[in-house]
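One chain, chain A, links the two complexes that follow: it is found with chain B in the first and with chain C in the second.
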Partner chain A sequence: MASVRLDHVTKIFPPKTIAVNDVSLEIKNGEFFILLGPSGCGKTTTLRMIAGLEKPTKGRVYIDDEDVTDLPPRKRDVAMVFQTYALYPHMKVYDNIAFPLKLRNMPKDEIDRKVKEVAKLLRIEELLDRYPKQLSGGQQQRVALARALVRHPRVWLMDEPLSNLDALLRVRMRAEIKRLQKELKITTIYVTHDQVEAMSMADRIAVMNKGRVLQVGSPREVYHKPKTLFVAGFIGTPPMNFIKTVFTIDKNEYVLSGQNFKIKLPRQLGELIETKKGLDKEVILGIRPEHIEVVEQPIEKNNIVEAEVYVVEPLGTETIINIKINDTIVKVKTVKEILLEPGAKIKVKIDPNKIYIFDPTTEEAII
Partner chain B sequence: MSLSEYLKDRFLEGTGARLLLLPALALIAIFVVFPVVWNVYVSLTNYALTGPRARIYGFIGLENYIRIFRDPSFYNTLRVSFLFTLFSAIIGQAFLGLGIALALRMREPEGILGKITRALKITASTLVFVAWIIPEVVAGYAWSAITSKGGLVSMLLGVNENIYVKYPFETIVVANVWRGTAFSMILFMAALEGIPQYIYEAAEIDGAGPWKRFRHIILPLISHAILVDFILITIWTYGVFTMPFMIVGPSGQGGPAQIWTLYVYYNAINVYEVAYAATAANIMFLIVLAMIIVYLRVMGFLRRWW
Partner chain C sequence: MGKAGFIALIILWLFLASVAVFFGIPLVWLILSALDPNASPEFKIPSTISMENFIRLGEPVSGVPPYMWIVNSTIISTLVATIVTIASILAAYVLTRYSFKGQSAMLTAFIVFRLIPPLILALPIMILYRMWGMMNTIHGLVLAMSALILPFTMMIAESFLKSIPATYEEAAMVDGCTRLGAFLKITLPLAAPGIATIWLLAFVTSWSQFVLPLMIIRTPSLMPASVGLQFFFGEYGRVEYGKLSAFSILYSLPVLIVFLIVQKYLKRGIAGLVTR
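Now for the complex of A and B:
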C-alpha cells in the first residue's frame, strides 16, 4: 500500500506530440483513483509513466515519497491489469498467477498457498489447470486480476480492464473490482473513458483532456460542481445541455435571455454572476437533462421555454426526449410516460436553481 | 446450358483436367523422378565417366555399397558434413539470426544515441539481406578472393597464406553462416513480431528482467519457430554445394572440408567413378529423406499443440 505523486509530469512523443502536459496529482494511500477522459487524452500514458513503461520527458514520479522516475517497472513493486489482459499464452492459469512470485524466488509451497488463496478470492479455483485460450473473456479478466493481486503490490494499476467485456459482465465486474479494492485496501489507479464506470467506482476522479488534468474531485464534486464546460459535458448520461444566452436585467430582475425565452434568476445568483462576469454579457447556460421538465399546462409563466420535439428515445424506466429550442438540440430526461410525436410543440420548464453558467471564451464555470 | 457447354464442363472436370496436368508431370518425371531412379540403377553398376567402363558396364549388385562402407574417406565426409551443418547452420545461422532479430527489436533510446542505434539496425539488417540475395557463384568467388593470400582476411589475421587452404573447414563454415543468416533472422523477426508488446510489458511489470523475459516469455513463445528454423536450415545446409566448391574446390579425397556434395563431385568428376558417386549420393538422399520425415512429423505435432 502506498501513495503516488506526480510532480509536473510531461510526456512528449517525438517529434512533438504532447501526450501529457504538466500533470500533477496526488493519490492517497488506499484510494481508488480514476483517470477519466476521452481517447487520446493522455490518461493511459499517465498510467504507463506510473508503471515505468514510459519515461516522463519532464517531471518526477514518486511512490511513497520515493522518487521512482528512473526505476524500471520491476523495481517499482506495482502491478498492472491490461485492457487485453496480457496473459502468457504458453502458461496455464496457475503458472500465470504464480509467475510474479516465481520471479521473486519464493519457496514452492508458499507460492502454491498464495496462488490458491487468490484463486479462491476471485473464484477461479477450477480454472487453474487451463490455458488462457480456453477461458472466456470474463474468466481471463479474473486471472489477470489474480496475477496482479497475488504479490500484494504497493500500487494496483488498471488500464481499461473492463472495456473488452460485454455490457452485462462489465456491470458485474465493476462491482467486484470495487469490492476487492475496498477489502484489500490497495491503492488503485484506474484508467477509463467510461464516465459511468468512473462515477460508480472511484473515490476520486481526475478528468483529463488533451494531456491536461481539468479537475480532480470526488464523483459528487465533478458531477455537481464541474469546473469547465468540458467536464460538465463529459460527465452524466446523457450529457449536460448547453444553450447560448445573454445575462442581463429585465424589469428589475436578473435574467438569462435566449432567442425566445427568459429564465429568471434568484437575486443572489444574479448578483454573483454580475460581480464575476458583469451585465449584458454572453454566457453559456448549462442544464442537465434531468433538470428540465415537460409541462403540459404551465401554472406560472416564468422559466418556460417553448420547444419542438425532435426525436424520442424510450429506455424503459426513463425516456430521453430530444427537443429543439431554436436551433439547439436539447435532451430532456423524464421518468414520466409521455407520448409525443416528432414535430409536436411542447413547453418545458428549466429549474433556475439547477443551472450552470459558463464563460463562452474561457469555457470555465462562472457558478 | 447447352449440350456442348455441358460436355465442355465435364471434360474440364475429368479427363481434360488431368490432361492439363500432364506437361507439369512430364517435367517433374524427367527432371526429378528419372534422375533419382537412374541414380539408384547406376549405383548398382560399375559405370565410369571415361575409359572402357564408360562404354561397357554391367550390373555388380551391392558391391559399391560394400566398398563405400569400407572407405575411410566416406566416414570423413559424414563427419565433416555433420560438423559443417552443426556449426554453420545450427550454431552459426540460427543463433546469429536470433541474436540479430532480438537486437533489431530492441527499444531505441531517445536523442542522438537512438539515431545511432537506428542507423546501426538498418545497416546490419541490410548487410545480412545483401549476403542472402547475391548470386551464390559471385559470393563464392568473393570469399575465395578475400581469403586468398594477400586478401582482406589474411591481412586482418596477419597470416601470409591462403586462408582457404590453411583453414578450409573454418572458411566454408564462416562463409555459409554469412550467407544463410538472413533466413533465420527473418523467421525469428516474424516470430517475435507475433508476440504482442503488452506481453513483454506485463512480464516487465511482473518483475522479469531482460534475461528472465527472454527465458520465460520469448523463448517458449518462439519455440515452434526455432524448431522449424533448425529443421529447414539443417536440410538446406546439408545440401549446400556451390559456395564451398567455389572456395575450396573438390577439396581432395578425405580432406578436412570435404562435405558430401564435394565428395560426390570429386568421385564423379575428378576420378570418374560415377557409379561410386551415385552410391554416395543415394546414401545422402536417404539421410535427407529421414530428416524430412522428422520435419513433417514435428510440424504435425506442433500443429496439434499450437
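Now for the complex of A and C:
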C-alpha cells in the first residue's frame, strides 16, 4: 500500500509529440484511482511513467514520498496488468504467477503456497497446469490479475484490463476487480476510456484530454459538476447535449435565447452568469438527456422548445429520442413509452434548474 | 474424362517424368559411382557394390585425408553460424526495441549490402588480409564469411523479433527483471524457432561458400570441403571418380539433413521476411 504523486510531469516523444502535458496528481493510500479519457489522451503514457516503463521528459514521480523517477520498474515494487495481459506464452499458468516471486529468490515452498493462495482467490486453481493459449480471454485476465497480486505490490497498475473481454464478462469482472481492490486495499491506478467503467469502479477519476488532466474528483463530482465542456460531454450515456444560445434580458427577466425558443432562468442564476460573463453574450447551454422532457400539452409557454423527431432508439427500460432543434441533434432520455415517428413535430421542456452554461471560447463551465 | 483431357494428362505426365529424370539421373549416377569400386565417367550399374570408396577417403589426397576437409567445413560453418546468430539477434534487438536517428537508413543499407556479390568484396578482403596477416587462417575465413552472411540473417532476426510484442519484456521488467534478464528469460525462449532458423541458414550458406575460402585458404590441411573437392581432379587429367562421388555425397549430406530439419521454420522465417 502506498500513495503516488506526480509532480508537473511532462512526456514528449521525439520529435515533438506531447503525450502528457504538465500533469500533477495525488493518489491516496488504498484508493481506486481511474485515469479516464479518449484514446491518445496520454492516460496510458501516464501509467507507464508510474510503472517506470517510460521516463518523464520533465517532472518527478513519487511513490510514498520516495522519488522513483530514475528507478527502473523492478525497483519500484509496482505490479501491472496489461491490456493484452502479456502472459508469458512459453510458461504454464503456475510459472507465470510464480515468475515475480522466483525473481525475488523466494524459497520454493513459499512460492508454492503463495501461488496457490492467489489462485484460490481468483478461482483459477484448476488452470495452473495449462499454457496461456489454452485459456479463454476471461481466464487469461484472471491469471494476469493473479500475477500482479501474488507479490503484494505497493501499487497496482491496470491498463484497460477489460477492453478485450466481451460485454457480459466485462460487467462481471468490473465488480470482481472492485471487490478485490476493496478487500486487499491496494492502491490502484486504472486506465480506461470507458466512462461507465470509471463511474462504477472509481473512488476518484481524473479526466484527461490531449495530455492534460481536466478535472479530478469523485464520480459524482465529475458527473454533476463538470468543469469543462469536454468533461461534460465525455461522462454520461448518452452524453450531455449542447445548444448554442445567447444570454440576455427579455422583459426584465434573464433568458437564454435560441433561434426559436427562450428559456427563462431563475433570477439568482441569471445574476451569477451576468457577473461572470456579462449580458448579451453567446453561451453554450448544456443539458443532460434525462433532464429534457417530452410534453404533449404544455401548460405554460416558458422553457418549451419545438422540435422534430429525428430517430428513436428503444433500449428496453428506456428510450432515447433524437430530436432536431433547428440544426442541432439533441438526445432525450425517457422512461415513458412514447410512440413517435421520425419527422413528427413535438414539444420538449428543458428544466432551467438542471442546465449547465459553458463559455464557447474557453470551453469552461460558467456555472 | 474426355479425350482431350486424357491427352493433356499424358502430356503433363510426360513433362513431369522428364523433369524427374533430368534432376534424378545425376543423383542416381552419383550414388551408383560412389558404391562402385571401379567407377568410371560413364553411367553404368556397378558389378559389385561396396563401401570401399568411402573407406578410402581416409587415405591422403595431396597430403590430407579428405575426411579432414569435412571436419574443417564443420568447424568453420559452426563458428560462422554461431557468430552470425549472436550478432544478428543482438542487432535485431536494438533495431526493434529502440528507435534512433538513421534507423531506417541502416536497414536499407543492410538490404543493399546483401545484394553485393561476394566476388566484388573478395579482392579488397584479400588485400586487407595480406596487410593484417590473416591470409590462410581459419579465423580470417570465419570472419569474412560471417560478415558476408550477416546482413541476410540480421533481417530475418529483425522480422522475427518484431513479431514478439515488447509488452512481454515490459511485463517481465515490472515483475522484477532487468532489461537483460527480460531479454534472456522471455524474448530469447520465444525467439527460439527464429534463432534455430538463423543458425541453420548461416550454417548451410557458409558450408557451400566457394569463392572466399578459395581465395583466403592456401594450405590443403586448412581447406573446407567445398575447396578440397578440387584435389580429386589430379594431375594429367586423372580423376578418381569413385572417391569423388563418395566425397560429394558426404559433402551434401549435412546440408540435406539440415534442410529437412528446418524447412518448417524456414518457411515461417522467410514468410516473415516477405510480409515485413
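The criterion applied here is as follows: the second predicted complex is superposed on the first by the 367 of 367 C-alpha atoms of A that agree within 3 Å, B and C clash if a C-alpha of one lies under 4 Å from a C-alpha of the other, contacts with A are read in each partner's own complex, and residues count from 1 in each chain.
Keep in mind that, in the parts below, contacts are C-beta pairs under 8 Å (C-beta built on N, C-alpha and C of every residue); 3 or more make two chains touch, one makes a residue touch a chain.
In this text, all values refer to a predicted model and were calculated from it rather than measured experimentally.
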| item | value |
| --- | --- |
| Overlay on chain A: chain C relative to chain B, clash or fit | clash |
| First (chain B), second (chain C), both or neither touched by A:P100 | both |
| Touched partner set for A:K16, first chain B, second chain C, both or neither | neither |
| First (chain B), second (chain C), both or neither touched by A:K133 | neither |
| Common ground on chain A, meaning residues reached by chain C in one complex and by chain B in the other | 51-53, 72-74, 78-80, 82, 84, 86, 88-90, 99-100, 103-104, 147 |
| Residues of chain A that touch chain C when the two form their complex | 51-53, 72-74, 78-80, 82, 84, 86, 88-90, 99-100, 103-104, 147, 157 |
| Residue ranges of chain A in contact with chain B within the complex | 14, 51-53, 72-74, 78-80, 82, 84, 86-90, 99-100, 103-104, 147, 151 |
| Contact set on chain C toward chain A in their complex | 165, 167-168, 170-179, 181, 186, 189-190 |
| Chain B - residues contacting chain A, complex | 110, 196, 198-199, 201-209, 212, 216-217, 220-221 |
